[in-house]
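Please go over the structures that come below.
Both complexes below contain subunit A, partnered by subunit B and then by subunit C.
Up next, the complex of A and B:
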């Protein structure tokens, strides 16, 4: 047998080596990815098919319930009337706000001299570096009903007679979250877009200027098309981040579940699953959220690619 | 991009993975394979500032008495629940651990705790334990949590504001409302009585005080009583102080107990329901408040006392403990006698043994005696159900309070919705 193998090896190896060798070289990386990424994903999916709580953890006996978790999620009226509208509406507004504001700041930075660009970018980096938790508390503090500067200012200007609690109303609550998230998210957009801006060929802009194109036309007709890829990345990442906003809502007064009209997907899934030791239910939510984000991303990437081909 | 897309799943998986796969390395003080004279104990960090010295003394005394070594590990409150779940999953629970009163039934229901009845009877201390804590530690007719220490909430008031307004501490609900009115007249810009929207333990005294129940167990079924006429009367009184009397503030609608404490310490609040552990924190936050506040038990509707929740800790023995007699020897040493008293003094909480409290009850300190009185005579427990943690996670009571205080719903509507939800969640049939 040994003989036979040795004899056949040279003949086979040439054909196969081309196929096998890349995989062999990739194997260690793939194995690590499988352990770190694939296995957890599979576990989450398996958990989502079980009624998995503290009792199941203790006894070690799985309790398979098929798609019941998914059925329960989709049959929750709160999901459709409050949670999803809040999540999607907020994501749309905050992605738009972050990208528009971030781009505006990038344009500003591009037009500044070295000194002021350094000063401005340092200030922006400070906003970026602030942890979400700290940032949220600062905003809560600003809008505090009894001692916040916002109410004080409104009352000093005579626009408000009595202190108002801005956290109890769904719209004002999310207006504050929006400020918080845009403030925290725009630096990333600004820095990324700035990098793109600096790469736009100067000749094109000069040529357009000679042809009589104003600043706005130059921006929308030359710079924006050049930066399509950058915007694609920035928008997809912002969408994913803003979809799963958690701390910025959870830590606001009333945001941890006592004000049901402001629940979003992140807080709702935490309260309904981890808060109640219902890990199976939480896994099902995580699976659905992943699928949803995959679909959004796929649709967006296809649109961008399609435009590119055209 | 791919990496970022997988992030939500990874985040959600984190806790699961911890619970399911890495359990083995989750605990440093595992109980497995260590039966030879070492007792592993988990204690929550932060209750007693001099806990390390305290446990050094306990370890010495414990070794003298039993010959066994004591291995104490301090656990952060914030991580503790996850660590318990992880260690239960991996079978690496400690022999004895401090468990928050609302966790005891949850872990008992999961089958992780050992019943303490025969040991407590054997030690002859069963009649000497604080009732509210025994109630909270009893699940399915058996005691799983040995009362260790606890605090209680009473009515704390600003003595300076009371004197200036010419009012006496209230002893009935009518007097409380009169006092609030007088305070508001004297201090229109301050908060006469803080009615927080996100602090469930400040709500139940009024429910009980009016003769209502938070929830009752009949054979195997829980029924929330928050929508009974009595409970509604109590909730109506408490929220009415804010909505009708305007004695509270707009901000208080979303306040937690910590916000109440901040405002009280700043001298902005006339009276509030606050814990027996807060006086120290008030003076820490604002040294000017020293000697300017006192407490009374929460008044009953027409006199007497409204019951108040005892919040604290049990010591629980885990099923994994190999030498259960040794484990109970430690529990007994900690929860009765000298060490229990010492822990109470150092931490500012009350011990769970009635005979130790007698001295405290004789105290004339206006920030000790009223709390002690409430603790012994007017202590109560939230529903002792393994699912009560789920009710707290859903913030059922706070949702009710906030919607009433914000003017989104009336007492009848909000309490009916809350009762329905609490009943469903308590019965675990959601």
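Up next, the complex of A and C:
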């Protein structure tokens, strides 16, 4: 009896430690996530139900107005003609552009010898490593109306008579943002897809080649199905990133709210809040953006967890 | 390619038709175009930063090579202060977020406990929250804490931003350490704490370095919060918003802007090349089989 007791006691406390320890280890991180990410998310929703301006910030007294902010957003014609097309249309184009270009680069890299593959894939890292802020400024400088190299080159070639300001027109503005985002985003796709490509069994490709399958058929019938999971992750991550482009738009000439035809959801929310001091209205826009992303994220989490359980 | 030479009898058919000179030339052209597209912005940034004529004439190499822009940016431009601020903020973020991420990742990678999946899901989901949604409530929160216009306020926010990805990435590194090593330590009579310090920590160190570099880059590049929370406190500016001081009302000093951009970009690029592989696999960890 006594012998048994002394034997089970340490075992019991060890078992309890195994239950408590993970939570002890998690506690500081979870506390930070709760206070600095989850509580603000609740709060931004609460703000969106209020008329929250400078007065409310200083006094802390809430003035609830229900769903009025949301009603006002949905009734703003700009939302349907400008903001949503700029957000969703841009995300679709940039995801498609990034994934297609990145995959093409991955295929090219996979066909190179080891030396050139290493050199080229390290070089494209430079585009990924470029911080969004400095990258955007460089593109703004390249396309600058008065002194930019793009206008100078076009004029030297005789394609353009006078310098053009590419930032005032909504389409050319977003064409530059698109170039910036694809340039910054394709290396991630290329590197990830390349890793997948190198994992496709050589025997399968060789067998298909012997059976007379051309390069295109080999790519779409063998490689794409093998890399389904890789493509799913790459597409979803790119979608999430491209829906919330902010600095790439905000830092361009006219992008910080002065040119209303180039607003997207993120920038609109920001300029209403910090430009007009309409924090409640801005919060409501931010909530809509978050809901949009949440749907995409749910798809992502399901993809990842489905793979993990296998 | 050399496989054909070492085992010629096994693979007599392959490779010969593929290495036609035309094909090689085509590939060479594609690689050259790709490199030109990828590297042009970086090249143009360096080129303009070294050219006294930047902003007056465009030429594809510095028309009048000079280091004056760098000198101006670091002295009169006050970029030295911005660099110091960014370094302090980034180091603070790295130290705190890496320590917390390590503890949390050990919990999710090494223990099977109730709600483990939920915790992992939470970590994944909070990464997707747009900064634009957080900036309003966090601005109010930091304001209530009286930390607006301070570097401490920024560190607090950046730790929260860097933490989820850090946990997600370190989880893979911790899981890769063989459990047998831990069990051997227990058999030798080590306590859990002793095992953590002497077995787990040294083995996870490379992952910790990669995660730290990632947190560093997050803090170094961050723009929205720095702009919002530092407001007019120029002496607390980080590099990402300090750049804006070189934009004039009527004309921009492009030489100086590009020199400052180069100073910001170079450390990030070096770090990035150091961690590139880990970064790509960390982003897709759990989803991509390797």
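By definition in this document, the second predicted complex is superposed on the first by the 256 of 310 C-alpha atoms of A that agree within 3 Å, B and C clash if a C-alpha of one lies under 4 Å from a C-alpha of the other, contacts with A are read in each partner's own complex, and residues count from 1 in each chain.
What we mean here is this: a residue touches a chain if its C-beta (ideal position, glycine included) is under 8 Å from a C-beta of that chain, and two chains touch if they have at least 3 such contacts.
Worth saying up front: this structure is predicted, and the values here are computed from it rather than measured.
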| request: Give one of first, second, both or neither to describe whether A:167 is in contact with subunit B, with subunit C, with both, or with none. | output: first
| request: Figure out whether A:134 sits in contact with subunit B (first) or subunit C (second), or with both, or with neither. | output: second
| query | Counting residues of subunit A in contact, which comes out ahead: subunit B or subunit C? | reply | C
| message | Under the stated touch criterion, which partner chain does A:123 make contact with: subunit B (first), subunit C (second), both, or neither? | response | second
| request: Using the superposition on chain A described above, determine whether A:271 touches subunit B (first), subunit C (second), both, or neither. | output: first
| request: Please indicate which partner A:233 is in contact with in the superposed arrangement: first for subunit B, second for subunit C, both, or neither. | output: both
| task | Could you tell me if A:44 is touching subunit B, subunit C, both of them or neither one (first, second, both, neither)? | result | both
| Should A:112 be classified as contacting the first partner (subunit B), the second (subunit C), both, or neither? | second
| said: I'd like to know which partner A:279 touches here: subunit B for first, subunit C for second, both or neither. | reply: both
| said: Looking at A:294 after the superposition, I want to know if it touches subunit B, subunit C, both of them or none. Which is it: first, second, both, neither? | reply: both
| field | Doubly contacted residues of subunit A, that is, touched by subunit B and again by subunit C | value | 37, 40-41, 43-44, 47, 57, 144, 147, 233, 237, 240, 243-244, 269, 274, 279, 282-283, 286-287, 289-290, 293-294, 297
| note | Note: in the complex, subunit A contacts subunit B through residues 37, 40-41, 43-44, 47, 54-55, 57-59, 144-147, 162-165, 167-168, 233, 236-237, 240, 243-244, 253-254, 256-260, 269, 271-272, 274-277, 279, 282-283, 285-287, 289-290, 293-294, 297
| said: Residue numbers of subunit B touching subunit A in their complex, please. | reply: 1, 4-13, 15-17, 19-21, 85, 88-89, 106-107, 109-112, 197-198, 249-251, 253-256, 263, 268, 387, 389-390, 392-395, 398-399, 401-402, 406, 408, 425
| note | Residue positions on subunit C within touch of subunit A in the complex are 1, 14, 27, 30-31, 34-35, 37-39, 41-42, 44-45, 48, 55-56, 58, 100-101, 103-104, 106-108, 110-111, 113, 116-117, 119, 121-126, 128-141, 143, 156-157, 159-160, 163-164, 167, 192, 217, 220-221, 223-224, 228, 240, 243, 252, 254, 257-258, 261, 264-265, 268-269, 271-273, 276, 280-281, 283-284, 286-290
| query | Can you name the residues of subunit A that touch subunit C in the complex? | reply | 17-19, 21-23, 25-26, 28-30, 32-33, 36-41, 43-44, 47, 57, 105, 108, 111-113, 116, 120, 122-135, 137-139, 141-142, 144, 147-149, 152-153, 183, 187-188, 191-192, 195-196, 199, 206, 229-230, 232-234, 237, 240, 243-244, 246-247, 251, 265-266, 269-270, 273-274, 279, 282-283, 286-287, 289-290, 293-294, 296-297, 300-301, 303-305, 307-308
